[in-house]
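See structure below.
Lettered A, B, C, D and E in written order, each chain numbered from 1.
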């Protein structure tokens, strides 16, 4: 479904991505972790077709990305700037659904349902600037999920919410993605999270980013916040990813690309 | 040093803070945790004098807060909007130092040093829009720390950085606050973090916010990312805070206010 | 309470009037009649009519009726054209490349010089006057709209592109609302300019209306009449602007609230 | 990129001139009243070697430059004050809205009585009438400043004045600059209009009055064309300055495409 | 700019005079006087300045930016009557002559005689000016009454187009537009300056009472110098023809054929009184105007 091959990107003379290759099969959820400023958001923007990378290739469903791909949804890291301040939360969520050919009532219903799922049933008629940071972030998650894209890109989508909400949202994303077979690329700083939600975890090196490791998670499809996190495999993988992010080298089966 | 008494705030008819009382002694670092949208940022803005709360009192050094207190620094949750896009990172950090009466060269030195401390020595001459989310967040932390305020307010300051950087920043804040005797109020979603950096952890309830618990941490002054986190007391307290955030009631010595 | 607020808003008016009255009485310059004389003359000219016509005299109807109609038509036309063209140019760097120099060429040519040619071109006086008004006031609307359109927050645009908004959606849901505050600044500027251009158009097309009255007053050295016209212009400007601000408050409510500081 | 822009601009102007010439050639418009574009261009070219016109143009240019400088110096602070202090804005709004629609045809006779020097007269007319776009745009731009940006500086204990100068002004600057560009174009018109209406010793408007005396439409329109070209040049210069100063603004918005 | 009298040696209070002119044939004598150095000979420097019309000239005189200006009598008398200021004419400049002021219509216009102008729209270059006054006179002679609202203001160059487009039915023109319109087939309906208005004074040089009493010697010097030029011009049309292309954009060929007015050499109270009387008769002014008080005759030389 998604094939990133040898992606290179430089801002001016400053090389940020230095040959990154990542593959995601249909319906797979790939987590990307890496140090701050290493180039994760740049990677995501290249996949979304928002920037034209300096080198390498991105294929989605076999098609090269030369404009914004169809059926794509993105949750931006800077979520507050991606909501429209002149619209209520419900309208922000409902707006993209016009493309889905839904009539006004159905759009409204879908939006309300999505907001409900992220715990914002009460806030449907609030404007973004009347909401807390975490609420805004959840609105943009609800917008992406309600859209039912075939490719979902999320840049630290749970950074501004409390632990409980975060877990709920993780489970929500797992459920929705599995149910609709969305292919998902999720950038996160939380190593636990990457292992918990990912089918695979890709670790990037410090800038310029290369793939330090590409680890299959292999925890099965049904995950549970308490049971899964207590599995031995989970704990081991978490430690492994942690070490890799800290710059150590991999000890387990790693599909090193470079 | 900081006394928040029965603080009440409503946006229109929507009550957000419902009698919150928190005290912080000189040099103390108080962590505030609570569900998303419960009113933490509102609390912080009241302390900073940016909004006039509907009821209750905030005293800083015995003085009621009726305007912006002196010697205050704030790291806002929406850090990207609080950096000035027309200034480089170094200038963003140096700007508040004008109030400290430093000349241009000294300001520049202090700014460079602070950026170095947050791992951005190379990025001093970058503009905010040339930086990643995590880098921007670190610039705004550097700006607050370089200012050497007597009261430091931080709203989820480490939300956008990777695990390693986060730990470094936690230690940095601990070190700087202790060294300069800053009183600090730190809002976080990370329960581990609240226990690790806090002298006390205040847990707020779901909206409208009240104080669910006010837990002394008592792990001593010198903390270590690995050793401290393995202490029994740490693990117990973490579990306790976790349960409280999830809405359970406290089982340990809690200074319930309401 | 409302009275107090109104007083707070309008206190400068009587103060200015009194200062002006005292100053003009002292100066005794025929060109500067005291405001009391001007107001008296205005009443005589326009407000001594039958009660059935709200006291408006026949002359008032002649002076204001067609003028106001032209004013609104001109402003509305300029608003539609300016906003539409501004959005098109703001969205398309290519189009702006072609048109930019022409725009700046056009807006630096004095409209009074062009009126005779509009007249020659359009033969009829009303379309020529409307063209004059539109040509004179469209520039702030156009430039502000271009600016507003070009400077929509990048992430707003990216979000629209990601979700594959149609062009119409992108325009009506993202670009126009985002540019609206700036467009309104342009529309507000254009509203007062429209009054000015109306006067110029009426003077040059030479037939009836407030501008023509102003011209005759100047030509016959009837300075109180002339000042009366100016006062009416000012009052109209104030009233139109107040109405405009009311509309703006409704349309831009989100903006005011989103941008309020505490 | 820059090259392409210039080429497109030239193409646009050339296209317009050609279209105007074609319309003229069809005889749709009597060329006694609206001379053919080629005639106007010839007139405009003649002016280039006409010492009298060059002197007139220099005089108008000087008045324009001085007037615009003064306009900016007056109206940016005024706009800042009005935008930053809503009660003041509300108090003077009736006065401002009263003054704005008063046309220069009415202002100029007034100004003649007050200013005996022709340069001062033109400068005063410019300052009066070209200030509005800057004042209004400044007020609107100040309303658009991100509140969090202001709160940040306030929280560090900076006073209102510092916040105004260090945050509000830079944030508002790009839109104020657009106001200045509107004003620069208006000022060209005002100089010429003031010269047409009030007369004087030198100026493009004076030249046009003289050309009118000989019924030389080609020269009148040629002079107007030069005024327009001057508008294009001044705008280009201002845009170049804006590009340098406000790169930070462009990259965060759609403008940098 | 006001150099003291002693430096010039002539005892002038003011050696530099700012003089308002209009680029029309009326001001030819002034240009001649400048070119031939008549002012210099009197120790005067005259700085000519273009004014857009009589109304602006009165403003500029009152505001002090001009010392003397060309001004049509009708406009100035109107200003004086309305109390806009107190003015004094110091020299006559231009008077009516056959063919210099005419009412024209376009080629295929149904208007054939002055009487046909009844109720028709007539363009004049300035409202309530001598053009309008004389048009009213001619219509009255033809037995029809003019109403104020049938006159509209158009600049001379715009008049042919206004006629062609039908915005006006007739236009009161002067040279060089008369020539232009004639070439296009336009017809002259009437010479405005015939019968009661024959050789009516048109324009002269005037100043304010204040200036006249403040700088009597400088004004006298101005009058002497201008008088010389006026005398030359009155005798020889060629001088005007040569001068016109230098201060207007009327080319030499046109200058040679256009109809010019007369250049009177004296400031005659009785002649000016005709203007004032006509104005009163046609309701331009309410009171009897004391023309004598508005004249500062040139010193006998």
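Here is the rule we go by: contacts are C-beta pairs under 8 Å (C-beta built on N, C-alpha and C of every residue); 3 or more make two chains touch, one makes a residue touch a chain.
In UniProt terms, the chains line up like this: A, B = NitT/TauT family transport system ATP-binding protein; D = NitT/TauT family transport system permease protein.
Source: prediction; values computed, not measured.
Engineer: List every chain that touches both chain B and chain C.
Structural biologist: A, D
Engineer: Tell me the chain pair with the top count of C-beta pairs in contact.
Structural biologist: Among the chain pairs, C-D has the highest number of C-beta contacts.
Engineer: Give the label of the chain whose average Cα location is farthest from that of chain B.
Structural biologist: Most remote chain from chain B, centroid-wise, comes out as E.
Engineer: Measuring centre to centre with C-alpha atoms, which chain is farthest from chain A?
Structural biologist: E
Engineer: So the centre of each chain is just the mean of its C-alpha atoms; given that, what is the distance between chain A and chain D in Å?
Structural biologist: 49
Engineer: So what's the Cα centroid distance for chain C and chain D, whole Å?
Structural biologist: Distance between chain centres: 17 Å.
Engineer: From the mean C-alpha coordinate of chain A to that of chain B, what's the distance rounded to whole Å?
Structural biologist: 27
Engineer: Taking the mean of the C-alpha atoms as each chain's centre, how many Å separate chain C from chain E?
Structural biologist: Those two chain centres are 38 Å apart.
Engineer: Going by the touch rule set out above, which residues of chain B reach two or more other chains?
Structural biologist: 50, 78, 81
Engineer: List, in ascending order, every residue of chain D touching at least 2 other chains.
Structural biologist: Chain D, residues with two or more chain partners: 30, 33, 109, 113, 146, 151, 196, 220, 249, 251-252.
Engineer: Give me the residues of chain C that touch two or more other chains.
Structural biologist: Correct list: 31, 116, 120, 153, 203, 218, 255, 262.
Engineer: In their complex, what parts of chain A are in touch with chain B?
Structural biologist: On the chain A side, the touching residues are 11, 33-37, 39-41, 77-78, 80-81, 119, 123, 130-135, 138, 155-156, 159-166, 189-191, 242, 245-246.
Engineer: Provide the residue numbers of chain C that touch chain D in the complex, in ascending order.
Structural biologist: Its residues touching chain D are 8-13, 16, 29, 31, 93-94, 97-102, 104-114, 116-117, 120-121, 139-140, 143-144, 147, 149-154, 157, 181-182, 184-185, 188-189, 192-193, 195-196, 199-200, 203, 214, 218, 226, 229-230, 233-238, 241-242, 255-256, 259-262.
Engineer: Hey, which residues of chain E end up touching chain D in the complex?
Structural biologist: 20, 22-24, 47-52, 55-56, 59-60, 62-65, 155-157, 160-161, 164, 176-177, 180, 184, 247-251, 254
Engineer: For a test of understanding, state which residues of chain E touch chain C in their complex under the given definition.
Structural biologist: Touching chain C: residues 55, 59, 62, 78-79, 81-85, 123, 126-129, 152-155, 157-158, 161-162, 164-167 of chain E.
Engineer: Considering the complex alone, what residue numbers of chain A touch chain C?
Structural biologist: My answer: residues 48, 50, 68, 70-74, 76, 78, 81-82, 84-87, 95-96, 98-99, 127-129, 143, 147.
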